[in-house]
Amino acid sequence: MSKIVVRDLTKRFGDLLVIKDLSFDVKERELLCMVGPSGCGKSTILRILVGLDTDFEGEVMIDGEPVIGHNPKIGLVFQEGALFMWRTVLGNVEFGLEVKGVDKKRRREISMDAIRMVGLEGFENCYPHELSGGMKQRAALARVLVNDPEILLMDEPFAAVDAQTRNILQEELIDLWHRTGNTILFVTHSIDEAVYLGDRIIVLDRRPTRVRATFDNTIPRPRDRTSAPCVELRRKILGVLKEIRAGVKEDFTTFK
Amino acid sequence: MYKKLLLCIVLVLVALILSSTGCVEERETTTLRIGFQPSAHHAAGMIAFEKGWFRDAGINATVAGIYWGGGSPEMEAMRAGEMNVAYVGISPAINAIGHGLDAKVVAAAQKEAQVLVVAATNGTPDWVYTKPSDLEGKTIGTLTAGSIQDVVLDSWMNRMEAEGRLDKSKVTIKYMGIGDMMTGLATKKLDAIYLSEELTEIPVLAGYGAYTNLTSRVTRPNHPCCVLLVSDDLIENHPDIVKKLVEVHINATEYAMSHPEETAEIVSDFLDWEEHGYPKEAILRGLEGEGPIPIGYDTNPHNITETTMELVQVHYERGYIDRPLSESDIFDYSFYDEIMRERGM
Amino acid sequence: MRRKTLNIIGLLLFFLLWQLIPMVGLVNPDYLPPFSDAIMKIPTEIGKGTLQAALLESLLHYAIGFGGALLLAIPLGVAMGRFRVIESLLYPVEEMVRPIPPIAWIPVAIIWFGYTPWAAGFIIFIGAFFPTLINTYDGVRGVSRTDIEAAITLGVRDELTMIRKIVLPASLPNIFTGVRVSNAAAWMCLVAGEMFGAGGGIGLELTLSRNYMDMARIFAYMLILGVIGLSSDIGFRRYESKVLRWRKGVVA
């Protein structure tokens, strides 16, 4: 049964048509990656899924239920984490539980578990401005995880982090995912990242966006980024992206 | 590095101060600049201006200002050089001289004339005063702090408290100018005002005030009220002009006492009385002594010597002045005495 | 040199100049009494009990005016910041009232409140209200959309929770700035509000000193006002840096 079903999603910002007849599924427990050219509306898709944007046409269903506003089953990790600067790491992580009304002792326990899970033990009383980019992202992840979401949406979460830390975070994410067994929809610019992480990779078209291509990734984990199958898959995806870019030139000429 | 900065700052400051002390204009000292308050207590000077008696005596005179706020702002202005002659209450004069004003009282203007006026509606008193303790719980307005009204009332209340007839802490005194006193009484924000005739006629005539029997005769019998104050500079450098001034003052005071109706007209015009919304009749009633206590004109400075020195003691004890002034700090009888000799009195 | 040392040197230099200039006669000591005259008035005032009484009265007025201003301005600022409708409705009225100086309100205060501490408190309120209102409003408007959205995705559903947990903490730096400016304004308006004698206080003592022509006493009370102003500002700044520990860099 598909966890997420999107059918003929169409979104306009005023006169600008951003998404047109976009359709895709996300299966339960799947780690699905989404790549595509800049400005094609990847973030918009996530915002619609998490309920921040309710102005669209088409069907968007979670577990068969249409999306109307925020569904507690879904968590969103923003680009750049979006930690609350005035709260400590612990304060940030336990925020969702605080809102739910969980009592202090229990909140502490669950939050410390999550903090340990993302490897930030010892830093729980630090403020965000004292943390590095990678640590901030981990905290943001922990903050989402405490609410035990069945679905995790991630919007280029590792983009602002250096390459080495990025690789480490990717490995840690896979670990986490194996343990929690939730469904992940991961948006990224990095083909390398998509190939390393995803069970499936969807390539989105230029604006107005729809699904251009889907790639199944059956390479067994733990994946070796330098291995031939990974390289091959990357080549294929890059090829599609090249086509999309070439498609722009075509549009230009017909436009003339 | 810091030492140089310090030196620069000091030099700049010194330069500023030096340049500012040279800024005070050199005023022509042979013109009398005379200050007034809006009351018939100061009628003598007003009459002199109206009838041209200063001119006739060969004196250049102008009106420096009319101080509706009371004697304290007037003395502040005199210290700032705005006037060299003032019709003013004795208490503000004492305070000013005590804090460095170089001036002397050369003649008296009038005595007493204070009375308590309670708030009233259409002439009927809102409350009745019969004894000192009736003031407890009441809010009373009087003329700006430092005025003769303030000092007399305050010292009387102290004496009453010492006699056990009043708990002074239960009385609320508010200081303000004349206009605010009238408004306060009319809007019932004040329960009473302690002020002098003829100004007290204003609320009584309009019906929002009513007289009581708490007058100067009770609070401080025979106390000095308004005086003629002249700067030491004039006294030392132009004694001839000062003598003429005193002579005009004596004549004008005699005229006020014998011509009440004309005086009321003159005072009313001089002060733009009706523009302020006050009836001319108030001045006339005061001059004719229709209220509980007359204005009490008197030009003889010797008549107020003893009572003034008593007041000086009060000022000193209350901390208004830092040292007890002597008679010669305050008075210069020479002009009055000479005039009286010439008149064979 | 360390900042604090420089601070103290500056202050001492000021007092030294104040002492010397009238003493050597560069300025008439009747018009500018030397620093020693002014400061020697203070024990006398304490002995008379006048200073203590005045301080208590002023604190009362300050509490009424400043406290009232914060109590009204902060919620109103939040409401205006969160709800466009409220802001649009209030904007013209606010911009009309704001430029009117507190002193102009004195006759109104007397008529409305009589000669009571509330009248003086009202003048202080007028002065203290707008800085906090405007800064709170700015802070609330400036809360990043990302913070709001993150809160929504973490389960915040109603406006009150959003305000309590996100909007207020995020706006706190701005609110603090507004409060500090309001505090300074409050002490300035305190003198104006007390001058017409509604009910004692330092402002009244200043007026009385003026009317008794006691320059030294005027300067003594001005000194006291200055000390209060300085220490209250320092106090606010200290509290601010404690609460706003989460900010990058030093809170001045």
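Going by the order they are written in, the chains are A, B and C; count residues from 1 in each one.
Heads up, the rule we're going with is that contacts are C-beta pairs under 8 Å (C-beta built on N, C-alpha and C of every residue); 3 or more make two chains touch, one makes a residue touch a chain.
Since the model is a prediction, treat every value here as computed from it, not as a measurement.
Comparing chain C-alpha centroids with the centroid of the full set of protein C-alpha atoms picks out C as the closest. Among the remaining chains, B is positioned farthest from chain A, on the basis of C-alpha centroids. Chain geometry summary: the mean Cα position of chain A and that of chain C are 49 Å apart.
Chain C has its Cα centroid 38 Å from the Cα centroid of chain B.
In terms of their C-alpha centroids, the spacing between chain A and chain B amounts to 86 Å. Of all residues in chain A, none touches 2 or more other chains. Annotation for chain B: no residues touch two or more other chains. By the touch rule above, chain C contacts chain B in their complex via residues 1, 13, 17, 21, 26-28, 30, 44, 48, 110-111, 114-115, 196-197, 207-208, 210-215. Chain B makes touch with chain C in their complex at residues 2, 6, 9-10, 13-14, 17-18, 20-21, 70, 72-73, 75-76, 79, 92, 95-96, 98-101, 139, 144-147, 172, 174-176, 180, 184, 187, 189-190, 319-320.
The touching residues of chain C, counted against chain A in their complex, run 146-147, 149-157, 161, 165-166, 169-170, 172, 244-248. Against chain C, the residues of chain A that register as touching in their complex are 50-52, 70, 72, 74-76, 78, 80, 82, 84-87, 95-96, 98-100, 127-129, 143-144, 147.
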